[in-house]
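Here the structure comes first, spelled out in structure tokens, and everything after it is commentary.
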Amino acid sequence: MKHAIFGESHGPAIGVVLEGVPAGVELDLEEIAFEMARRAPGKDPFSTPRKEADQPEILSGFFQGHTTGTPLCALIRNTDTRSRDYEKTKDLARPGHGDWPGFMRYQGYNDYRGGGHFSGRLTAPLVFAGAVAKQVLAGEGIVILAHIKSIADVEDIPFSQCLLSSELGWELREKSFPVLEDQRGEQMRQAIVRAKEEGDSVGGVIECAVLGLPAGMGAPDYGENVEGIVSQQMFAIPGVKAIGFGDSFGIARLRGSEANDPLYVRGGMVVSPTNHSGGVNGGITNGLPLVFEVALRPTASISKQQDTIDMDLWQDSKLTIQGRHDPCIVHRAVPVVEAAAALAVCQLMGI
Amino acid sequence: MKHAIFGESHGPAIGVVLEGVPAGVELDLEEIAFEMARRAPGKDPFSTPRKEADQPEILSGFFQGHTTGTPLCALIRNTDTRSRDYEKTKDLARPGHGDWPGFMRYQGYNDYRGGGHFSGRLTAPLVFAGAVAKQVLAGEGIVILAHIKSIADVEDIPFSQCLLSSELGWELREKSFPVLEDQRGEQMRQAIVRAKEEGDSVGGVIECAVLGLPAGMGAPDYGENVEGIVSQQMFAIPGVKAIGFGDSFGIARLRGSEANDPLYVRGGMVVSPTNHSGGVNGGITNGLPLVFEVALRPTASISKQQDTIDMDLWQDSKLTIQGRHDPCIVHRAVPVVEAAAALAVCQLMGI
Amino acid sequence: MKHAIFGESHGPAIGVVLEGVPAGVELDLEEIAFEMARRAPGKDPFSTPRKEADQPEILSGFFQGHTTGTPLCALIRNTDTRSRDYEKTKDLARPGHGDWPGFMRYQGYNDYRGGGHFSGRLTAPLVFAGAVAKQVLAGEGIVILAHIKSIADVEDIPFSQCLLSSELGWELREKSFPVLEDQRGEQMRQAIVRAKEEGDSVGGVIECAVLGLPAGMGAPDYGENVEGIVSQQMFAIPGVKAIGFGDSFGIARLRGSEANDPLYVRGGMVVSPTNHSGGVNGGITNGLPLVFEVALRPTASISKQQDTIDMDLWQDSKLTIQGRHDPCIVHRAVPVVEAAAALAVCQLMGI
Amino acid sequence: MKHAIFGESHGPAIGVVLEGVPAGVELDLEEIAFEMARRAPGKDPFSTPRKEADQPEILSGFFQGHTTGTPLCALIRNTDTRSRDYEKTKDLARPGHGDWPGFMRYQGYNDYRGGGHFSGRLTAPLVFAGAVAKQVLAGEGIVILAHIKSIADVEDIPFSQCLLSSELGWELREKSFPVLEDQRGEQMRQAIVRAKEEGDSVGGVIECAVLGLPAGMGAPDYGENVEGIVSQQMFAIPGVKAIGFGDSFGIARLRGSEANDPLYVRGGMVVSPTNHSGGVNGGITNGLPLVFEVALRPTASISKQQDTIDMDLWQDSKLTIQGRHDPCIVHRAVPVVEAAAALAVCQLMGI
């Protein structure tokens, strides 16, 4: 399953073309809408007040309630755009954003309004694609779940201290703030509010698990190992700066005797009491849950004044970003990480 | 430049085919040999005593001292193989290794001797490929350097506290233990020796920087962003479990006002006093050094007894690994990380 | 430049996403509309009376009159669909069509209305993509022209007997029936009318030339040679069954001394009085015009009664196809072949 | 299954790396040697007297008689090279060869000896790869056969007049001159001898059939249709200039009512008495044999004097090619076409 995402934040529409979707998958459109809603803006007091219906229109590849097997295109019209916010400051590169590298990459021809093609809004078609992928994977008994592992310095319980199950997944996806311990979630919200009040933003870490993946998927080679395939999907999410599998960077401090997951045969199945490797050895799944975490940088758009350059005058300047911005995108990114994971798993399964 | 690495640890030979090497590059074979030697085993008291000449024979794509532009194949014969070490325990999956997932992936047909195609020995052709890539990139003014950021709990100074330069790179590559502060390197060696004495192993973190990369390379999209391209190369290195760019996971704890790198015009160039983003915004290089770190798990092969399964009898078993093994591969992996980085940068530059 | 075409003949819309379009190309939208009109149905007395506005709406990748360098999506709404024509016969596989193989490929889930994703209508977004590619190539001094080489048994003069020039291209593209000798075109029209009157259809051959391609593009290897790259684009056009470069199959009857194009230096340029190789040797352009021909099968949809199977009842049946159908698509396919050639040349040029 | 072919005619070795070979295939090495021998030079009175053992050494991906599933590399050492033949004329571009385009492509750095990487000798590793692919496909009940359809103006019976069967394939592959009617083969040999006596060469057409391919393989889209996949493999064979499926260019002269293959259900199977489409409709296999023909140009190397350019002096020159050359490569190309077909079919089957 290949996907091509197109669109700009303030253009007429954004969308995605999915090639290689298996034929005959009965798509649950309400389920897709639910996933879209999990990511949608304007739900909570501190996120961007931009409101988008985000109703995807399926233009192709879907007939009589089933996928046809030919390319599936979904379109989302942009409706609530206020481009004037951006005109005044279009030559001022927002620090931490793709403005300056994008100016060099596209020689100034990129659509600067609302971040254009760099906008977090482009994760809406990604969630659509992932929602389709999840339904394909559900037919294979594969379930994907994720939670906020941390925001700023507030940490949730890690997956390694939980019994992972599809039920836990259902529980998490019902939450607008998907954490394992809601009290921590409350503290995270407070950290977000504090940052917002100071015209600032916070980042965080999302942890994701894939259950039901059979052992033997992937290969050690370049372009075929599990970690590389998952990473490439994750780094296409705006703001992701790091990824780690299993114990992540923590494994570098362990001894081999601590990091190796012992293997046992129980009830005809190969099991392990630990999962330091995050379900992957030698680039191949080992049958344990695939577990990884990704770091999301704090939102680059902040209202505090910043030093930057004027790309037209080619001189130093000061920038105070106006407009609607999220002080934190971590909680909204949870379904996005799940979506990217679903696309990665499809790739791994040869779907 | 595409590469296909082939071979097994105890087969007749390992090697690599490089497609898309530009024509007319004058290869410095001594330089290549030097890079190969940096990775080669048997150099220090605690690494595997396996000694391999690791003399690559260039079979094609190289004529009269220059690359021809057609596929370049380099072959490295395996000479010092002691396969009997592996016969006895071939059905016992070594915990932390690719044995068990590989058994499932290849239905038991993979060459188990010395880890077969999963072996760290396969990084020798990768270093060869990277050495060619480095020479191509040198012509573009691009330099790659790396150091051991940590082993076990001993940390070197991070690149963020250094003035990065090609001179620093030359200095580091002369060291058999490439750290910025040699005293820390001594402590790392001690940590390795301690682990070895206890029949155990240690892991670590390697930090890598690419200097001279122009701004504007990459794109935000899937498969084209800098972080995804670099990650996919890194995760093809055995033992890499995590990667982070710039401040890596640390960025998740910063405020936006701390994480954003301010921009200034100095001497006609765009500069920044900080590099929290590791030289990438929106998936595109911003002209600052590309900086990232990767975590290497502790060597999975340890001589301590471990619980595991017998894949033939399908029952629990105990395993004590014999044979020659590195208690730490981090220092030998430094040129490997550089090589993979060189291949990633070629990809990014459209080479 | 990669393209993903989506849509079904009778779905809500068809379209294309173009990835990798260079930034800053000033698109001439009238020129694009002209190319679309060349292919559009309903222009002549014997072609399908289905009339489509075929107005592409550009949804992304285009800003302030220029390409942005990010994915460009164009959408064409389907308006004049009469799906009832197909309901009655949906289980009867139309001989020569993709119905039966598509049934097997997509397990019966494909959209059967109007040929669905197999429809010649899907060449509209291909022409759009090609029109963009042509404008990109025009900036490199590359021009693409094509003519009807034959329809049924009526043959036009071949390109090998013409002086190829961009002027000739401009002349040809103004013709609704692009032949070099209009009298032959008249005979071709008569052959089409005769076939139509008999409820039958005719096929033909289109010859295409690319002028201005520099020598040295391509490589002998799989996936990189000119012929393979062009072929893969051509066979994505419905109805193309054969392709030949230069003398095509005729070269197999020549002696080496006849087939080899002698080389001379004239005015500092390498020239040849002949072009039996069609501008390619060893898979690489030689600086002469790239010339090739493609065979288009007679339209599979005919109104004559045919023997076929009922895919639902799994038994023999008789089929008389109703609905609107072209007795010949060769003349309408001329801009389609040019479009596919433009995409191939972009690929070859690394655009 | 991906393949990377490397090597030059007069370098130390040529070879191939096969990635994605399924694990556990029991390779019949004698069978592979037989296929290699079919292509090998020096067998008949009129072909190049260069004699090569062409013994492939399998370096990886093969263990205990079976494929391992990891990359398989086979190496063929070059032994009988006489490079001095080429030194004198290295700056004279041989008309019809890749010399001149290669000079432009590789800026003069390519290995010119014996055609270097452009040499027909590079088809030896291709035949190796195809022999492996054939054995993989045999396990799926798929058989590939080919014959010389014509040499110069002598034509063999076409496959459309035969009952295609695996037995016919076995019969054909035993012949050093694989034709259906041996008398025609004798006439072809005479045509070759005549050309050779005149210092000239001849070309021809090879027809190939794939039996046992299930219906439903492929897709109409770019990069996925049967014809495009097969073509891309075929055009990687040196000297192939045209390809046609089923009736090939002949179909352009048929009426729709003649070209459409009627369908019937017989014994629960879908059958057709004709196969004008060559087993493909809409880019997807229809269950009939996949049949196609390819045109091979007459060997470019002839001993007659030719007009050409001196690429060093950049002036007109005369060339009389010395050295050992085939006056016809069509009969030796038969196993090469089969090999490329086998690789294409693997690709189509997702192997």
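Here the chain labels run A, B, C and D in written order, and each chain numbers its own residues starting at 1.
Basically, a contact is a pair of C-beta atoms (placed from the backbone, for glycine too) under 8 Å apart; a residue touches a chain by one contact, two chains touch by 3 or more.
Note that the coordinates shown come from a computational prediction; the quantities given were computed from them, not determined experimentally.
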Discussion item. Strictly by the touch rule at the top, which chains does subunit A share as contacts with subunit D?
Written reply: B, C
Fill in: Pair joined by more contacting C-beta pairs (B-C or B-D)
B-D
Fill in: Relative to subunit C, chain with the most remote C-alpha centre
B
Worksheet item: With chain centres defined as C-alpha means, what is the inter-centre distance between subunit C and subunit D in Å?
Response: 27
Discussion item. Rounded to a whole Å, what is the gap between the Cα centroids of subunit B and subunit D?
Written reply: 39
Worksheet item: Counting in whole Å, what is the centre-to-centre distance of subunit B and subunit C, each centre being its mean C-alpha position?
Response: 47
Worksheet item: Residues of subunit B that touch two or more other chains: which are they?
Response: 5, 19, 69-71, 105, 117, 219-221
Worksheet item: Once bound in the complex, which stretches of subunit A touch subunit C?
Response: 2, 4-8, 11-15, 17, 19, 23-24, 57, 59-61, 63, 66-73, 75, 105-111, 116-117
Response to the item:
Interface with subunit D, subunit A side, in the complex: residues 19, 69-71, 219-221, 350
Worksheet item: So in the complex, which bits of subunit D are touching subunit C?
Response: 3, 5, 93, 95-105, 117-118, 122, 150, 152-153, 195, 200-205, 214-223, 225, 227-229, 231-236, 238, 240-249, 251-265, 268, 270, 277-278, 280-287, 293, 295-302, 304, 306-309, 314-316
